[in-house]
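A, B, C and D label the chains in the order they appear, each numbered from 1.
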Amino acid sequence: MIYIDKYAYLSKLKQTNPLQKLVLAVSVLGVCLWADSVAVSILTLLIMGWYTVCKGGTPVGIFIRLMLVPLSFLVIGVLTIAVNVSGDKDVFVFSVYAFGMYIGVSQSGILSAANLFFKALGAVSCLYYLSLSTPMVDLLAVLRKLKVPRLMVELMGLIYRFIFVFLEMADTMFTAQNSRLGYAGLSSGYRSLAALASSLFIRSYQRADELYIALEARGYDGELSVIHEQAETHWTEYIPIVLINLFLIAVALFSKQLTGGLL
Amino acid sequence: MNKKIWIMGLVLMFMFLPQQTYAMHIMEGFLPAGWCITWGALAIPFVLAGFFSIRRTVGEHPKTLMLLAMAGAFAFVLSSLKIPSVTGSSSHPTGVGFGAILFGPTAMAVIGLIILLFQAVLLAHGGLTTLGANTFSMGIVGPLVAFATYKIVKKANGPQWLAVFLAAALGDLLTYVTTSVQLALAFPAGTGGAMASLTKFLGIFALTQVPLAISEGILTVLIFKAISSY
Amino acid sequence: MEVRNLHYIYSDGTQALKALSLGIKQGKTTAVLGSNGAGKSTLLLSFNGINKPSGGEVLFKGLPLDYSVKGLKQLRKSVGIVFQDPDKQLFSASVYQDISFGAMNLKLPEEEVRRRVDLAMKRTGISHLKDKPTHSLSFGQKKRAAIAGVLVMEPEVLILDEPTAGLDPLGVSELMKLLRKLQIELNLSVVISTHDIDIVPLYCDYAYVVDDGRLVMEGTPQEVFSHPEEIRRINLRLPRIGHLMEILHDKDGFEFAQPANTISEARKALINWKDTN
Amino acid sequence: MEVRNLHYIYSDGTQALKALSLGIKQGKTTAVLGSNGAGKSTLLLSFNGINKPSGGEVLFKGLPLDYSVKGLKQLRKSVGIVFQDPDKQLFSASVYQDISFGAMNLKLPEEEVRRRVDLAMKRTGISHLKDKPTHSLSFGQKKRAAIAGVLVMEPEVLILDEPTAGLDPLGVSELMKLLRKLQIELNLSVVISTHDIDIVPLYCDYAYVVDDGRLVMEGTPQEVFSHPEEIRRINLRLPRIGHLMEILHDKDGFEFAQPANTISEARKALINWKDTN
């Protein structure tokens, strides 16, 4: 189910300092949002796609398939923004008449919708670059370095670990129920799902006890102290990141000037 | 004729599309930078309050950490289960009501934030820049509504099942009402402004959620029943 | 029940089954052997349509499986599967309720459900646990409850993934005897996957050996274990008795007419040898 | 390591251990045998202070356990426990970090922690899994990671609950050989609880048999399995080879000087018999 996690561990960028990857992803994400420009959005998508596919080695098919994941939200969201209702036909470039009103799209609506569409795709590609090149374990190590409280990072680490244990459990339970026709009808489906969720909950509750005992046996004293890999970095490695951002900012300013702030 | 098909197509799309997606977190890059910061800033006090309350409890009972971690992992897995439906399309429970009743709204702010972060990074549902907005709707407003509903119904001597049902259903629904408000504020309509926009977003993100909220309510009642008989 | 040229590729790209063909003998106990990750579980899940093959076909009663909702419903009535960990198969508060699950889903009249549940509990020897909560059961009892939960559907084929895993010695022999009894009384076809090599010659009629998603050997346990090099090549081993008899024969100058893998076979062979020498 | 007159009563009133006394031989592999529910796990958890006995005492190096926080910490440095299900023990998604946990708790300098983690991974043969996430490991690999996580503390006693459960034949023999190797190289005292009777004469030096919370037998595997009636009375069985040799001796007129429970013992006995006849 969780492809992204699997590809993160396979990425050729896995050994790169995670902080560097986080800085690249977040800074470009920020510029992409700030620029609010189709050109910058498309460039962002291309740059991040190149990093992920060419440098990280994520199969291009997987990258494209993942880009389609948020598409349904995107299409609905963008259409909702673009389509408006008015009593006046003239505000729209295209409209239909229904229920005594005009439903249609205006020129500025189309423009801002297109803008938003590409901006969101560009932003998503930044998120994917990060998540397809940086395993969660490394990300948590960065959070720790960035002074996120220890308790928070420990909690996240435990949740991440046990998501996979419970997913596997839920999957087997679902299969077992399914093979006894638990999802053959709507009402039996509800009963089955409730039974699954409640036994999963009870198991997870018990698992807390069992884990605590196992940790105590290894000398747990209220702190999940583990050793962290030290990622060595040199400041020069941040030069490309700065250049990319400067380039995108320049493109943004230039295209604003060219289109009068429209795109 | 042409127009009718157009409208029909639009209506059909709005009816079916939302049901096939995950819990409708606002996706990465969808909100303008200003709103990302605003919602993030609004969420921070709640998350901090939750964090300090967790830290206090864990300090006294270290095992609470394991319990919260398992609750978090459980909630993540719960939200990936498919609720059966007549149409064959699938929706996913939010677990907002369930978590709020069991762990209280304070802890849910923190657990909600973590789950939303994992959903963004591991599943690409939601995003980093929209984390604040999504935490506000799903980790704060939803649980608060659910928790308050549960307490009020209980106080009014309502039956347990009704309290659980209303808490879960309203928690789910209000989560998406909040999402609609967030989207409407960020994208006011060219004609009619934010209110017109809100009508549109409510129609699409909240109204379609009504049957799903009822589903989640029923499901949560059944889960509570099963757990209490354990 | 039969699979032909079966291929299965997991969504992450792992090829779990590669051109596997085999047939399940009706009314017999068939073992599927193989080391961890050989594809045993994937194969078992193909039998009742949970895994839809990426290539090839699964046939039940000579007809290819129908993967429509209705077809699967029909199939799962006839082909029941018992998973390795009963804790992942039992959900309900009481044993009775849990066992009735499958029968209820068949939308049978209540009378009939009761009759079947009582019968399944009796057959698996857990009638006295009727009102107990499932979590208070011992591991062996849970295993029986899981089997009863499948028997209520009155299947023709009963599939069990690692049925003896986690049981103590008495539990193992009782469970295998129970399966033998069910197989004979109900004319069930029983299919088990197992690591427990020593039980195979004792309780199974036929064995398939899979390795890396392929079928590498088949035959009666006697036949399969008469190729020790092949068995070891794929990281399995002979039954311990079989191993002893092999060494006695190959290295220590004992002569046996045929391999022996069970205690009674070994006795016969050794007595025979004693008498002729 | 020793327990004297141990009693343990669970909070629900179940009496799991009843006046149990036994000693663990230093530098040897000791097996604790018994059917499901005999009290094996309860006993193992008493060894490193997780279960505090309701009566009697546990001694380590001749001194009764100190159940204060400090005392337990000290104890757990020396007595490590590996649980049956590695998914209940591995808490981190990073194999490397998980293994480092025990060493970090000893407040060792980072340099030393790294040295120990690397060594433990090498010893358990999982160095190549360093950068893999825990959830991508196979069951056998998880088991090894769990063992490595205990080895980093450099314990003197290593306790394992059902170490071979769920492993395939190759996995079983590899794991038992690994334990043998660790026991010899590090002069570890290894204690295992197991249902897998056949591995006991192969890999264990001494065996305790518990039933219903009581010690019913002890001795070398050879000695323990020379009382078949007693073994069967408590629902265990002989190793299969031992069973065969017993029948040959008792019923089929073979004469052996002493019982044989492993293949090599049986060979010797049969060759011996052949030569004298």
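Note that a residue touches a chain if its C-beta (ideal position, glycine included) is under 8 Å from a C-beta of that chain, and two chains touch if they have at least 3 such contacts.
No experiment lies behind these values; they were computed from the predicted model shown.
Student: How far is the middle of subunit A from the middle of subunit D, if each middle is the mean of its Cα atoms, in Å?
Tutor: Inter-chain centre distance comes to 45 Å.
Student: Please work out the Cα centroid separation of subunit A and subunit B, and write it as a whole number of Å.
Tutor: About 17 Å, centre to centre.
Student: How many Å are there between the centre of subunit B and the centre of subunit D, using C-alpha atoms for each centre?
Tutor: Once rounded, the distance between the two centres reads 48 Å.
Student: Could you list the positions in subunit B whose residues touch two or more of the other chains?
Tutor: Expected reply: 226, 230.
Student: For subunit A, give me the residues that contact two or more of the other chains.
Tutor: 5-6, 136, 158, 160-161, 165, 195-196, 198-199, 202, 207, 211, 215, 220, in rising order.
Student: When you draw the chains as points and link the ones that touch, which shape shows up: line, ring, star, complete, or other?
Tutor: other
Student: What are all the touching pairs of chains?
Tutor: A-B, A-C, A-D, B-C, C-D
Student: Where on subunit B is subunit A touching in the complex?
Tutor: Spelled out, the residues of subunit B in touch with subunit A are 3, 6-7, 10, 13-14, 17-18, 20-21, 24, 26-30, 32-33, 36, 51, 54-55, 58, 62-63, 65-74, 76-78, 80-81, 83-86, 93, 110, 114-115, 117-118, 120-125, 127-129, 183, 187, 189-192, 196-197, 200-201, 204, 218-219, 222-223, 225-227, 230.
Student: Residues of subunit C touching subunit D in their complex?
Tutor: Going through subunit C, the ones touching subunit D are 35-37, 138-140, 165-171, 173, 195, 197-198, 235-237, 239-241, 243-244, 247-248, 252-254, 263, 266-267, 270-271, 274, 277.
Student: Provide the residue numbers of subunit A that touch subunit C in the complex, in ascending order.
Tutor: Its residues touching subunit C are 3, 6, 169, 172-173, 175-182, 184-185, 188, 192, 195-196, 198-199, 202-203.
Student: Could you pull out which subunit A residues touch subunit B in their complex?
Tutor: By the definition above, subunit A touches subunit B via 1-2, 4-5, 26, 29-30, 32-34, 36, 66, 69-70, 72-77, 79-81, 83-86, 88, 91, 96-98, 103, 106, 108-109, 116, 119-124, 126-128, 130-131, 136, 139, 149, 151-152, 154-156, 158-163, 165-167, 170, 174, 183, 186, 189-191, 193-202, 204-205, 207-209, 211-212, 215, 220, 222.
Student: Would you pull the subunit D residues touching subunit A in the complex into a rising list?
Tutor: My answer: residues 45, 48, 50, 73, 76-77, 80-81, 83, 87-94, 96-98, 100-106, 110, 113-114, 117, 131-136, 149-150, 153.
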